[in-house]
Each structure stands twice: as C-alpha cells, then as structure tokens.
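Given below, in the form of structure tokens, are the structures.
You will see chain A twice below: alongside chain B first, and alongside chain C after that.
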Partner chain A sequence: MPALLILIPLLAILALNLPWKSLMNRLAFWVGLALCLVQTGLALQPQSRFWHSPSLWLGNLLLFEPSVDHLSLVMFLAIGIVGAVTLFVCRYSTACAGNRFMVINVLILALTGMNGVVLANDLFSLYVFLEITAVASYILIAFEKGRDAFEGAFKYLILSAVATVMILAALALLMLTAGDLSFAAIQAAIASSPHSRVVLAAIALLMVGLFIKGGLVPFHGWLPDAYSAAPAAASVLLAGIVTKTTGIYTLIRLVTSVIGYNDTLQTLLLFVGAASMLIGALAALGQSDFKRMLAYSSISQVGYMVLGLGAGTVLGMVGAIFHLFNHAIFKSLLFVNAAAVEQQSGTRDMNRMGGLAEKMPVTGWTSVVAFLSTAGIPPLAGFWSKLIIIVALWEAGYTTYAALAVLASLLTLAYFLSMQRRVFFGKLAAGFESLKEGNLWILVPACVLALITIGIGVGIPWLFETFMLPIRSLL
Partner chain B sequence: MTSPLLFVALLMLLLLAGVWTVMTLNLLKSAIGLAITSVLLTLLLFLLDAPLAGVFELSVCAGLITVVFISAISLTKPLTGPEASERDRSRVKRFFFLPILIAGAAWVLYALGLRLDSPLPPAIAEMDVRQVLWNVRRLDLVGQILIILAGVFGVVILFKDRSDKKEAPKS
Partner chain C sequence: MNVRFLLVPILLPIVAGVLALLFRNRQGKACAWFCTAVTATQLAITASFFGQEWNLILPWGAFGWQFALKLTPFSNFILLAAAVFGFLICLYSAAFMNGKRFLNQYYGYFLFTLGLVNGAVLADNLIVLLFFWESLLLTLFGMIVIGHPGAFKTAVKACIISGVADLCLLVGIGMTIYLAGTMTISQIHLPVGGLNSVAFIFLMIGAMAKAGAMPFHSWIPDAAVDAPLPFMALLPGALDKLLGIYFLTRISLDIFVLTPLSWLSPLLMIIGSITILLAVMMALIQKDYKRLLSFHAISQVGYMILGIGTAVPVGIVGGLFHMINNVIYKSGLFLTGGAVEKQAGATDLAKLGGLGTRMPVTFLCFIILAASISGVPPFNGFFSKELVYDGALEAGRTWHVGWTFYAAALLGSFFTAASFLKLGHAAFLGKPNTDPAKVREAPMTMLIPMIIITALCILFGVWNALPLERLIQPILGEHRLEGHTFAGWPASMTLVILTVVVLVGAFLNHLWGAKRSGSGLGAADHIHYAPGLHPLYDRAERRLFDPYEIGLKITNGIARIAWGIDRGIDYLYDTAAVKITYALTNGIRKAHTGSLFAYLSWSLAGLILIIALILGGI
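Here is the complex of A and B:
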C-alpha cells in the first residue's frame, strides 16, 4: 500500500480545490498536517501492514507496487516531520489566508513529489518525481515576489535545468545499454559491462546532475541565494528535506542499489564530500546574513553525508543516512529560529542583532540545542552521526578524510558560536527593547524539533537498532 | 538510406538556431529561434524513424509553446534604442563562452568515442506508444498530473498580485 503516499495527497489537493472556498481555506492547513502526521506515524512502525501488504485495487490503478526498505522509512519519517513543521511556519509567517491556501497546496505537491522520489524503483519515474519537487520548490522560493526571491528561484531553476539535462542524457544512455530503466535492469547492465564508455559517461552525467541537485561543491552556487531569498516556510522545507531528498537520498539510493561501488566513484565521493564540508564551513564563517550562514552550513553538513557514503562501508552508509535524518531535524530547527527572528525583528543581519535570547528565550535556547547538535557536541543527535561517519572513514583507512571531518566540526562550532554571540547572547542591541517572542505557531515546532534532537541523542540505542542497523541490508 | 551529411548539416543548423535563440536580444526573435530549433529537431526525429516523437515536438514545442511565448511577449514593452544597445553589449560579453562550450563538449564526445548506434532490444522497439503510456508508465502519468497542478498553482501564485496591482487606482 505504500503507493497511497502518492495517491492520497493528490486526491487531497483535488478535494481542497473544490468550490467551497472559505471552508477549504480553513481546512487546508489541517489536511496538510494530517497527511504529514499519518506519514510520520506509519514510518515509525516498520512492521506495519501498510508497508508490506499489496493493495489490489491500487495496484491495478497505478500498476505500481513499490517495495519499501529501512532507508525509505527514514526518508518518509524525515519528510513527514519537516512537512508538518513547514506547515506550522507557513501558518506563522503567511498572514493572508488566500496566499496561505495556495502555498499549502504547493507544499503538499512538493511532499508528494518527494514521496514519489523515495518510492521510485525506476530511473524515469525517479526523474519525473524529481521534477515535481523542483517545480514546486521554484514556486515556493519565488512566492513573495521580491527581487531577491526571483533571483534565488531563477538561479535554482537554471542550475536545476542543467542538472535535469544531465540526468535525462544519462537516462538515454542507460536505456541504450540496458533496454529498460528499472533499477534492477540497469544494475544488471552495469554489472555485465562495467567498463563500457557509454555506461561510464552515463554514470558521470548522473553524478554531476545529482551533485547540482544536492548543492555540493563546486555546484553549490544556487543554494545560498535560494535558501536565503525564500520565504520562511520554503527555507525550512528546502534546507530541511528537499535538497536532501532530491540530491543526497537519490545519490545514496543509486550508489547502493544501482551503480555499486568502485574505486573511482569512491574517490570522487570522498573528494566532493570533503570539499563541500570544508568550503561550506569556511564560507559560513564569513556571513552576516542569518539564513545565508545557515545555507552555507547546509553545504558543509551535506559534505559529511557524501563523505560517509564515500567510505564505501556499511557503517559509513549508516552514518550518512543517520546524518541526513539528523540534519533534516536540526537544520529545520535553525531555519524555524531564523524565521522567528526575522519575523519579530524585521532583519536577518546578524551584525545588527544581539542579546535576543533575553526577549525570545524559547527561540534562543532551542537554537542552542540545534547548533550544539550541528557542531557534533555529545550527547545530541549530530554527535552520534558525525562520530559514526568519522569512525567509518578511519576503519576504511581514510584517516586524512577522518581528520578533515574533525577539523570541519571545529569550524562548525566556531561559526555557530559566532552566530550565537551576535544574535542571541550578550547585550541587547539597540532598537530591540520592545521585541517579543513569536507565537505558538512557531514555538511549538521549535520545541518539538529540539526535543527530537535531544531524544535521538539519548535514545540512540533504540534508534540504531530499529532504523539504522537494518539499513545494512542495502549493501 | 539517409546520408550522414544530412544529419551533420541538420545538427549544425540546430546548434546555430539554439545559440541564436539564447544570444539574440529581441524576445520575439528568440521565440522564433526556439521554434526553428524545434522544427529542425522534428526533422531529425523523423529521419531517425521516431515519427510520434517528431509529431509531439512539432505540435507542442514548435507550435503550442511558440504561441504561448509570442502571446506573453506581446504583453511586454520593448526596450528603447540606448537600453537595447547597452543590453546587447553585456549579453555578448555574458554568452561569448557559449559557442566555445559547445565546441568543447562536441570534442569531448568525439574523443570519448561513444558507440551510440546500438539497436534497442526488440521488446522495447516494438512496443506501441499507447501501450507504453497506459500499461507500462501509468505512474508517470500520475506524475504528469502533479506537474500540471504545480504549473497551475505557480501561475496563480506568481501572477495574482500583479493583476491586483494593475487594477488598483493610481494615487
């Protein structure tokens, strides 16, 4: 029945656009939230019949019965949580009910697109759902129609189009070789002719396309503009889950289930991962715009995931997927905090802020939890995933890359300490005397995400046993 | 059998039309350039024995999309002479690398020596397009519905305020 994760949201969008406009305007938020929470609840029960029993009538309708593994479940969980948080942020930051209704529709479309990406077991279907997610993202970025928003959306559109061309070209080459685009057929074709130039060219195009989608160095140019110019809700969605699903999850899925590891691919992944990790962290150090700094931080954290994947071992892959999930939580939390600060203070310039935690204590302290987790401070969630990645690199003999990962973690600590000092702590900056904490629509998701971050850190044995260890079956 | 020279000539024309579409300053000429590119691609598709793909390319890309573009362009205001010449200069500077990039990509493809003329497996080659769409790729049709919905919401969201502003009385 997992195909319902595509069909039900589609039906929900159609139902929301029935003629009873005022009723639908009121219902849209709750329908979106229900979809996200049901998905989250189901993902937390790996043994549920929903994931394993076929749906006969739906199977006939879609001719699609995907098989779901633990990697898919982790992604559904992250998509559900970040989707729900995005809806809360949208409710908080979009005052006009009509605009909010439209944004929620596009959000549900983006979530459906990401569900499709996770469920796809065929490269062409994967491409179709990547495009659905991308089109919804362009709209969400440009939604406020400011100059910066259009520039951010345009850069994302152009670079995403370049990625699309590359992925499509790769699909054409693989179709020539395998005669089919299902993961199984392509895996067999690659295994039977691993040194074919056509296959190698296709893999190279696919990799570069996914590096662009994931915002990895040197293809990261679009990401800081898109993240910082997007409205608050879109920033949370993009940074929390969109680029992780379209770029990193797809990369992990294709490397583990289709392409397979080889020395060249591992070297490429390790190099790109390390470059992203270090360049992202160094660039974040020099930023004064709150959201732009978080965007560069995302590039750096994505570098860790790719580095873990590049280790080529079960532990490395588990670390990469665990960090992807953790990043979805703590980076969403940081963007939720940024949304609260921007909405309440009217600025994102960190040089103009200071001491805001005095007036916005919940925002201030939840941001401390998020930054400590991002920097890999024990016992928070980020510590465990970074530790697993570093141990995996060390065990695989990539000691230099392991040392670089530790160094990047120190850089992360440095730029987040600088952010905390400039924004939340120290003396209250002039002009912010009458500043108030945001309302419950922004505080509830911030507290929930902070609790998840702490909970994962404390409950690591259960999480590792239930979700992470079963992932080893992928390799 | 079609002469390879015809393919080369059509490909060269296709590239020229594509570069002209990007480089030209006039939006109308750009839209026409895109239509010409699509027509040339249609010819190639017909020559490569893919008539259905050719028909789609001709009707949708060369026909429908050109009409939509020209309708949208007719609503815009053209640049004045000095503005246009300034834009012209900056555009040439911005895209001077494009022909070099194309030549470089062509050289890389040539150097790789890819053999792309292998025939498709018979099971794929003999499939009817209706069968492929409805019996093999039905999930992608659902995806297509989702993309169309995203496009509709995009148009409504991104153009809504503009029409509101247009209707508002001037102060």
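Here is the complex of A and C:
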C-alpha cells in the first residue's frame, strides 16, 4: 500500500481546508508532523506489511502500481525526517498563524510530490510529481514576498521551466522509440537500439533536465539565489531534500534502472560531479552571506553524490545514496542553525557576526557537528559516505577524481572553519550583547539532527550491513 | 652465598637513591650520612664477592631476552674499585657539599650512578649493558645541572656528546648481535676484519667516549667549572674511566679478538697518542685548578687506550694498571682541588698561592699524587707508564715509525710533569694572594679520603705485585701471559733512565720558566706564547677546535637550511595555495552576477556540449 504515501497527504490537505478555520490553523502543524513521523517510522521497518501488500480501494486511485526498494526506503526516511524538521522550523520562524497554516499546506503538498517522485515507476508519473514538487517549491520560496524572494523564485521557475521542456522533449522522443513510458519499456528500448540518435538525444536532454533540477554546475545558477532568498523553513526543505529528490534521486534511479551505465555517461557524470564539487566549494569560500555559503556548499556536496554515481560500481552508488541521506541530515542541520542565527540576530552577514556561540551554545556546537560531518571528519556520518565514495572511485580506477574529492574535502573544511570562526567562535561582535538562544522549536530539531549525524557515524558497521548493502540489489 | 646476591650491588644503591631523593634539603647532613652508610655497605658486599665467579640469568621482557649478569675477576675488580671510590668520595662530599643546594638530588644521582655502573659492569647481555650504560646519561645530566644556575648549558653539552657516542654504541651493539647471533657477551668471540671491524669501531667509540678520549672530551673541562667538584672526582675522575676502559678491554680481548697485526690496533694507538698530547698541551696552559685537572683526566685516558691498543700482554696490563692508578690519583687530585676550593674559596690559580703552609696535609697529598701522575718512581703511575711504554715499543716494532708512539707518550710525560709543577707552584708555594689567616686545613672527613687515596698511590707503587698479580693479570688469563709477570721493577733499565731524564728535564724547564716569568703560574708561558703554538692555543681556548661547537655550527647550518625549506613549504601551503584558491574563488564570484541571462546561457551551453558528447561519443 505504498500508494498511501501520496494519497493520504493529499487527503490531509483537503481535510485541513475544511471550513473550521481556527481549529484547522492549530491542527495543521500536528497533522503534518504526524504524516512525517509515520513515514519515518514506516521507512525504518523495511519488513512491514505496508510496503509489500497490494493497493486496496484507495490505492487504486493512482494510475500506476508503485514499487518500493531499499533506495526508495532511504529516500522516504530522509523525506520524513527533513519534513518534520521543516515543520519545526516553520513553527519557530513564522509568527503569523494564518501564514503558517498556508506554508504547512504547501509543505505537505511538496511532501506528496516528493513521495510521488520516489514511488513513480514510469517517466510520465515521474514528470508529474516533479512538477508538483517544483510548483510547491516556487510558492514556498516566494512566500514572504520580498524582492529577493521573488527574484529567487523567478530564477528557479525559469530554469525549472527549461528543465521541464527538456524532460518533456526527452519523454516525447522516448515515447517515439518505445511506445510506452514505463521504466521497463524504456529500458528495453534503449537496450535494443543503444546507438539510435533519437534515444541518445533523449538521454542527453533527460540528463540536462535532471542536472538543472539537482543544481549541478554549470546548471546551478538558480540555486544560490533560491536557497538564500527562501524563508527559513523553505530553505531547509529545498536544500535538505527537494533538490536531492528531484535531481539526484531521479538521476540515480534513471541511470541505474533505465539508462544503464556506459563509458560516455560515466565520463559525463564524473566530470559534472567533479566540477560541481570544486566550483561549489571554491564559490562557498568567497561568500559572506550565511545561507548563500550553505547553498554553494550544497552544490559541492551534490557533486560528491554524482561523482559516486559516476564511479559505476555498487560501492560508488551506495556511497552516493549514503551521502545523499547524510547530506539531508547535516545540511538541514546547518540551515536550521542558519535560521536560528538569522531569527535571533536579524542578519545573515557573517562579517558582522562573531562569538555567537557564547550566547547560542546549542546552535554553535550543533553547527560544529554538522560542518565537521560535511567536511568528512571521522567518526561523523559524512566521513563514512565520503570515504565510501573516494574508495569506490579509487577502486574503479578513477584516481584523479578520488584525489580531487579529497582536495574538495579540504576546501570544505576551509570554508566551514572560516564560517564557524566568523559566526560562532572568537570574540562576541558588537551589538549582540543581548542575543538569546532560540526556543525549543529550533533547538530540538538541531539536537536531534546532530545526534543522528553522530549516531550514524558511530553506528556505521551496523548500518552499512543492514541499510547500505541491500541497495546493491539495484544493479 | 646465593647467586641472586649479584643483584644487590645494582639494586641497593638505586633503592637507596630513591630514598635519598625523599630527604628534605635542610636534612642534608642526615642524607649525607645515610649515603655514606649505603656506600660503606656496598663496599663490604662487593668485597665479600671477591674470588667468586657467578652467573645469574633471569627471564626479561619479550623475544627471549635474558637479564644475564656475570661476575668475573674483571668485573669484580671494577665493582670493587667503584665501591671504594664511591665510598671515599661520598665521605668527602659529606663535608664538601655541606650547605649546598639540591643535596637530596646530588646524593640520589650519586647512588643511582653507582648502581647503574655496577649494572653495566655486571651485565652479560648486550641489551642489559646498553640499558644501564644509557641510563647513566640521566644521572650525568642531573649531577651537572645541579651545580649552579648556569650549568644547564654544560649539562646539555655533556648529554649531547655522550648521547652521540651512546648512539654509536647502540649501532655497534646492534651490529654485534647481528654478527654474533647472540646477545650473551660471554659467548661472543668475533675475529676482527670486514664488517666485524666496523662493529668494533662503533663499540670502541662508545667505550672511548665514556672514558673521555678525544674527540668526545670537550664537556669535561666545562663540567669541571660548572658541576659540583665531587662529581668530577666520581665520574670523569673514576667511574667513567673504570667503565669505559673496562668495556674497551672487553671488546679488545674477548668480544672481538684484537691482534697487533690488524689495522685496528694502530688506530687505537694513534687515538691514544693524540689524546695524550693534545689534552696535556691544553692542560699546561690552564689557569684554573679544576680545569687543569680535567684536561689531565682526558690526557691520561690516552695512556690507557695506547696500552690496550697495543694488543700485546704487557701493553694491556699496563693500560689496565694505568686505569686503576689514574682513578686513584686523579680522583685524589680532584679532592685536593675541592679542599682548596672549600678552604681558600677559589680555584683560579691567579688568586691562590702559598697554601702549602696553611694546608700541609693537603699539600703533602698533592705532592705525592702529582708525582704519581707525572710518573715519578716509586709511585704507582711510574710503573704503569713504564708498562705502557714497553707495550708501545713492542707493538711499534712491527712498523717503520713505531717508536713515535713511545715518543708521544714520553713527551706527554714531560708536559704532565711540567703542568703539575706549575700547578703546585702556583697554588701551594709562592706569595699568598689571600689573607692566610682565613685559610685553614680542610676538615677531617675530607682529609681521610685524600689520605687513603694517597696511601693507595704509594701502596700500588711500592707493592705493585698486589694489584698486578691479584687483580689485573688474572683478567688476561694464563694463556695470554704465558708465565710472565709484570710486577716488580720495570724490565728495561734504558726506559727508566729515559723517563728520569725527561722528568729532570721537566723540572729544569719549570725552574727556567718560573724564573723567566717571575712566578709559578707563568712557568709554562714560554710554551704557551711560543711562536707557532700561540695562535693555535688561542683558537683552542676560544673553542674553535671543540667538536661540539663545530657540530653545533654544522647543525645550525643544517637547521637554517631546513628552516628555509620549511618556510618554502609554508609559503606553498599558507600563501601560494590560499592565493590561488582565492583567485579562483574571486573568478567564480565575479561570474555569478545574478543575471538570469548568464545562467540560462550556461545551461544552454552545457546542454549543447552534453548532447555533442553523448551523440558523438557512442
């Protein structure tokens, strides 16, 4: 009955918009949280009947029969966790109950879209859910109606539209060849005519479309503006999970189950991955806006995932997915911290801050956990996923890319150390004497995410056996 | 007695040393008497070992290493000598060190040193030997550094020089273990030649440096000024000689089998001769009581090395006899120096003079000790030097210019005599420079050790059969001696006459020099300021020839180069890498103008390239 992951949120939105306004305003947060937590709980039980029983009457409303594997479970888990965190951040940063109600509605819509993306097993459904997620994202970014917010949303909109055009064109070309858009049919079509120019053009268009969605260099122009202009909750959701689901998960799914590896594709993935990793990291080094720096850091981390995927081995793919999950955790945590800092201090300009850890110890120290994990410092979660990616690259013979991955790790450490130094450590900057730590709505998710990062890092031997290796069934 | 008693000479001083460290500084007297009692016990125990031959093997550590100790006539002899001088110097210290700082540390290190030396001498396993030998570095450092606040530099110098030599010893021991296939000293008998010679040289460096031969000597004159005086009498005066020459003899006699025909034998003799001459020449021009003695502590080692290096029985017996004689008169001389320092308040010869009448016992001891070291019959130094001369001539017969070793040794005697005439004249005779009423004879606890030591000088001279036949000749064993005995009056009357001529020459030289300069202190000035020698002396006094200083300069040079390289690497990381990174960062920042048009064009360009790649690539 996995189809319920799409249908129940949809029904929840409908129910929330029933005419008991004040009650619904209060209920919205809890409904959303319940949805996220149930999803998280289910994802943690791969043996549950929920995943394996066929759809009943409600599930038949969908036009396709969803399929679930370990990769999907990891995604559901990440979506559930980041969704819950986003709700907390929303609760913390959006003061007006009416606005909050609307944000939560759109948020649940975005969750629906992402769940759909993960469940889809034909290209058209995939396209539809991508659009649902994208539309929800535009609204979330532009929600506070500032000039920057509109600019960010507009750039995202335009580039996403370009991506949509490309994906649709690819769909059309594949439809021409295969006559059907289900993954299996397309896979068969590609296998039967691997040198057909139409198929190749379709693959190229599809790739570029997904690269734009995932924000890979040189298709990343929209991403820094969108992430930094979005309201706190929206940027957590976007950076943590939306672009990773719509861009990277789809890329992994299509490359592994539909297109299949070949040398050219691997070269492309490795090159784009490395370029994103390095340029993202270098650009992050030059930022003084907290959230913009995190945005560039996201580009860089996405580069790692694509690099892992490009290695073309089971280990590389496991590393990519593992890093995707870890990234969802630690990048959400960093954006949560950024939200707390922005809300408490009123600024995102790192040059004006300093010594905030003195006043905001929890934020400061969870940020240390997050950035050390991002930079790949043992024994935190990020270390293991990066290690797996680098080992996979090395074993596959791509030693130069492995070396670049290590180098980018150094750059990551450099810009995060500079961030930590400028924002949290050192002497308290002038004007922050009366600064206070955020309230529990922001501290609880920060602590939970930090604990997850540490827990995964410490518990890696067990996790690797039970969660990571089963993913190999994909290949 | 139980074999395990062998552990007592090692453990007793070390445990007692720990206890000594527990004393408070104001309990100095108690600490001193406690240590004197310990050393007396030690002496009694080692004396009771006499005539025994024991083997003690205990399992130790991993790899099948054994803590093996072996009591042989030789180690017994060294053990006994160490115990005698440990006791005498400890007794002397009770008065001399009274009221000084860090007394508990002084006595603690004193006892540790005794225990460690005993351990090194008893060791029958190369690793055990190395352990005790290297541990001596700690007490060496400790005893110098407590001398006075400025002694730190000298302590470091002593520690580094000895450390370098000990490193050579370590290498030598490693090689020996590899070559012999065993660590048990008494089972190793390697012929010299090839790699074995290299191992021998490394071990030899360790042994000679411990004894204080050139070029590992340069810390001794500095320590003479900086360290507490009994330390000089104990370590460079006595224990270092015992241990270094003991080990040199062991490696020459049984660990390796040195023959007069191998090139190692002349090598040792050359080192010995050079050490004799250079050190005594330096001693001659010293103007400080202790510093002058310290150069003799170096010079006399030359005789021992020369003697052992001959590899003929008479030379080896002479070398060993000279070792024990040297320990006796050199520690005795240091003790007279200490008495002068304590009573007259100075050791600078320019400030001394006329002490002979005020300190008659000390003066008398000094005369006999100085006569011994100069080789005046019938004191002990005369007999051992004659044996060394004999050996040098016998070994030298093999080569064309073999007599030069003898000549060098004889010339050394001349300068030794000259420098002691100068020292005695300047300190004890002549016009008093200090208020004589203030200077009194040294206290009894200082006099007794001096008198005993002086008596030993006479005893070992007049009745030289006692040390030679009872102690030294058994070390070589009957198979080497072939029925010879070296006791009694020297065999060659010609050599004795030559020696006497040289001594008379030294006396006349002194009279002439003293008359020329008008004082005892200036008696050697005509040699000091002789044309040709003067600039050399000048440079030596400025330490231009000190291997340590030269080493320091080289090290500083290397350090400067390394620093430059380090700066370069730092520049690469800290400046160049950062600059390049930020140049890239700025370029990327400039490219991100925020213009949607730019971003769209990138995307389209990327699309075109990717389509070209995918369509073209397959």
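In the analysis below, the second predicted complex is superposed on the first by the 469 of 475 C-alpha atoms of A that agree within 3 Å, B and C clash if a C-alpha of one lies under 4 Å from a C-alpha of the other, contacts with A are read in each partner's own complex, and residues count from 1 in each chain.
Simple rule for what comes next: contacts are C-beta pairs under 8 Å (C-beta built on N, C-alpha and C of every residue); 3 or more make two chains touch, one makes a residue touch a chain.
What you are looking at is a predicted structure, and each value in this text was computed from that prediction instead of being measured.
J.: Output check: A:G273 vs chain B and chain C. Expected answer is one of first, second, both, neither. What do you get?
T.: neither
J.: In the overlay, answer first, second, both or neither for which of chain B and chain C A:S125 touches.
T.: The first partner, chain B, only.
J.: Does the superposition put A:F219 against chain B (first), chain C (second), both, or neither?
T.: After superposing on A, A:F219 lies in contact with chain C but is clear of chain B.
J.: Check the residue A:K155 against both partner chains and state whether it touches chain B (first), chain C (second), both, or neither.
T.: second
J.: Per the contact definition in the header, classify A:L176: touching chain B only (first), chain C only (second), both, or neither.
T.: First partner only, chain B.
J.: Could you tell me if A:A201 is touching chain B, chain C, both of them or neither one (first, second, both, neither)?
T.: In the superposition, A:A201 contacts both chain B and chain C.
J.: Which of the two partners, first being chain B and second being chain C, lies in contact with A:P231: first, second, both, or neither?
T.: neither
J.: Once the complexes are superposed, what residues of chain A are shared between the chain B interface and the chain C interface?
T.: Touching chain B in the first complex and chain C in the second, residues 197, 201 of chain A appear in both lists.
J.: What residues on chain A touch chain B, complex-wise?
T.: Chain A reaches chain B through residues 3, 6-7, 10, 13, 61-64, 99, 102-103, 105-106, 109, 112-113, 116, 124-125, 128-129, 131-132, 135-136, 138-139, 142-143, 145, 173, 175-177, 179-180, 197-198, 201.
J.: Which residues of chain B touch chain A once you look at their complex with the stated criterion?
T.: Chain B residues touching chain A: 112-116, 118, 120-121, 123-124, 135-140, 142-147, 149-151, 153-154, 156-158, 160-161.
J.: Write out the stretch or stretches of chain A touching chain C in their complex.
T.: It comes out as residues 151, 154-155, 158-159, 162, 166, 194-195, 197, 200-201, 203-205, 207-208, 211-212, 218-219, 221-222, 224-225, 262-265, 267-268, 279, 282-283, 285-286, 411, 414.
J.: Hey, which residues of chain C end up touching chain A in the complex?
T.: Touching chain A: residues 581-582, 584-586, 588-589, 592, 594, 596, 598-600, 602-603, 605-607, 610-611, 613-615, 617-618 of chain C.
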